[in-house]
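We call the chains A, B, C, D, E and F, going by the order they appear; numbering starts again at 1 in every chain.
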Amino acid sequence: MFSVTVREHLMIAHSFQGEVFGPAQRLHGATYVVDATFRRAGLDADGLVVDIALAAAELAAVIGELNYRNLDEVSEFAGINTSTEFLAKVIADRLADGIRAGRLGEGAAQGLSQVAVTLHESHIAWASYERDL
Amino acid sequence: MFSVTVREHLMIAHSFQGEVFGPAQRLHGATYVVDATFRRAGLDADGLVVDIALAAAELAAVIGELNYRNLDEVSEFAGINTSTEFLAKVIADRLADGIRAGRLGEGAAQGLSQVAVTLHESHIAWASYERDL
Amino acid sequence: MFSVTVREHLMIAHSFQGEVFGPAQRLHGATYVVDATFRRAGLDADGLVVDIALAAAELAAVIGELNYRNLDEVSEFAGINTSTEFLAKVIADRLADGIRAGRLGEGAAQGLSQVAVTLHESHIAWASYERDL
Amino acid sequence: MFSVTVREHLMIAHSFQGEVFGPAQRLHGATYVVDATFRRAGLDADGLVVDIALAAAELAAVIGELNYRNLDEVSEFAGINTSTEFLAKVIADRLADGIRAGRLGEGAAQGLSQVAVTLHESHIAWASYERDL
Amino acid sequence: MFSVTVREHLMIAHSFQGEVFGPAQRLHGATYVVDATFRRAGLDADGLVVDIALAAAELAAVIGELNYRNLDEVSEFAGINTSTEFLAKVIADRLADGIRAGRLGEGAAQGLSQVAVTLHESHIAWASYERDL
Amino acid sequence: MFSVTVREHLMIAHSFQGEVFGPAQRLHGATYVVDATFRRAGLDADGLVVDIALAAAELAAVIGELNYRNLDEVSEFAGINTSTEFLAKVIADRLADGIRAGRLGEGAAQGLSQVAVTLHESHIAWASYERDL
């Protein structure tokens, strides 16, 4: 199994609902350093898992929809705690949509079998979500 | 599959028995930077894999039992080489015990499916152990 | 010259005023990984620059005043862009106050000559402020 | 499942063929920080996944065959794009050969079940290949 | 004293002349992870050391002149060993030229007092050059 | 001013004397990731701060004198707390001795002006010592 990973980052504000969150119930924010991993069983004709420039551009586009936002005001997330693990899934699902739509190339749409996303929220905590394509 | 990881560190002394260990047969020590990963298929009602504050506290408690010790004098490890990979299993097993005992919450006891522990012994070497719950 | 550095982190929301900030004029947030460095010419009677437990606790206390807050609503920062470099100075100045007040011990109050603070806002950008005591 | 990872690095020149590579079609180069991971279900009689000194020496030997070379002139790679993911497989396969040949010890030859290799090409991109033994 | 640092990377091929370089006399290459630091005594009217977007764009432009090249064929470097420390100075000097030319803004041209550049050539070696403006 | 840094690591056991050290009064240990920095105003005839292979070998030799030892039993350190900052000075002073003795080459003996050593004791704490030559 092969994989390629590209890294970007995302800066947002949000708050959490529920006593379990303690002071994080207040409006605060985070930088997420985001690692997106693309997996497939074999390489394409160019010897690649994916065109890394396309992969980086698509990750940047997905992150651009969320970047510099207060997630408490994003209607799609109304009533949801936008936890690190939840956001990892949001980004992975949007990357999967892009792959299926051919935005990483036709070869990738057919060849890639899995995507995984890790969000580092600090030097001591991170969360991941991985899924099949 | 979702996961959340928290990081702590551990400082111990020990020595190894066996010619394969060369100078590490002498009493020496290590800092282990410890990453504990908790995995589950879906998120709980708060949108979480695990209450990260509880997870960090439990990891700190497990590490606290070993921290600032000479492992050669810990009776539980008598006659055992406390290698990095061995210690990864010790910590993973103790975390698993804590999860089953409900110390990370009832939801975690039921929802978590796997725990993995990585110990970084330097910038050029690390070891892991992962197990089902 | 000796130095000791301890690391913590800080999660806040804020927005910036001025066209130069582009999309960062919107309410967003950041994790700052904070490195606080303490410098002095010689070591104390215990062979230390500073009691590292006290230094870590004081850094945590200073960060605790800002953590999980929307800095746009902190009266002390009204009308100020709470840039990474600005926040580095806020934290360094508060650490300097604590050192002078003896919160890192009497020896530190007399022996330390400089404090420096670096805030990492992502994997590709950080800012620092350093000052004499 | 246990694993042990050792890190080395590799500095090479090469160029790529295909419009997808843009400016990387020119002769350029890279430092690859190489992580080699060895996996097995249980520990050996010394409490180890593998003799880490042997593992590090074997990784250094495999890398030494490629290090400080222009891969465009290595006959084995004629007509092949020596992408990061391709090179991860080259190194993993050579490590697998070494394991089977007993160069990591007889116990490793029998006990190890999997090898994985990650090549970091920069702070924002890396690629991996993993295989059974 | 305040500073802001931005990170980019650079991938080149080159060879060295002189027995001291051993196997690095062969054509090989490197990824340099490049940190550019800008220093000044006080902040500007926006509360900044420098417009970080301009700083990042200028660093990218300076690196773009060298990126994906065989430095042995760059006429400006004929007869010169393009060591890591030498390249740190090349980049720092070009950044200094850009600052003086106003490409980081008029405030930066007047307010910045120093620039420093660090090139990481692997996980175990890096080099820096710093200069006044 | 130019600098070059090389990284190695050191694994020791020790204990501390004094109530300030709390549980670290027990025999324990540490991995120190050691960064040694060599500084000079100009480059030598090869375009270098120092022959990096010689610098790395000398750092390894200095560390080899301490590695895999219980520092409580090293007579040179009797009655001394072998704190991270103290050990940074020990290593820096021994490197300075080596430079003056010509072990990094004649050019380095004359050209280098400063040495600095940083010891990382964990992911959240490190200490440095720097001195003139």
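As a convention for this text, a contact is a pair of C-beta atoms (placed from the backbone, for glycine too) under 8 Å apart; a residue touches a chain by one contact, two chains touch by 3 or more.
The structure displayed is predicted, hence computed values, not measured ones.
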Report task. Enumerate, in label order, the chains that touch chain C and chain D alike. Result -> A, E
Report task. Would you kindly count the fewest steps from chain C to chain F, each step being a jump to a chain that touches the current one? Result -> 1
Query raised in the report: Equivalent interface to C-F, which of B-F, C-E or D-E, with over half of contact pairs matching by residue number?
Result: C-E
Query raised in the report: When the Cα trace of chain A is superposed on that of chain E, what is the rotation angle, expressed as a multiple of 5 degrees?
Result: 180
Query - Residue-number overlap at the chain C/chain E interface, same or different (half cut) - result: different
Query raised in the report: At what distance in angstrom does the C-alpha mean of chain B lie from that of chain A?
Result: 27
Query raised in the report: What whole-Å value do you get for the distance between chain B and chain E if each is reduced to the mean of its CA atoms?
Result: 41
Query raised in the report: Can you give the whole-Å distance between the Cα centres of chain A and chain C?
Result: 30
Query raised in the report: Counting only residues that touch at least 2 other chains, which ones in chain A make the list?
Result: 7, 123-124
**Report entry** Footprint of chain A on chain D - complex, ascending
**Finding:** 16, 18, 20-22, 80-86, 88-89, 123-131
**Report entry** chain E-touching residues of chain F, taken from the complex the two chains share
**Finding:** 1-8, 43, 46-49, 51-53, 56
Query raised in the report: Which of the residues in chain E end up touching chain D in this complex?
Result: 7, 9, 11-14, 23-24, 26-33, 67-70, 121-124
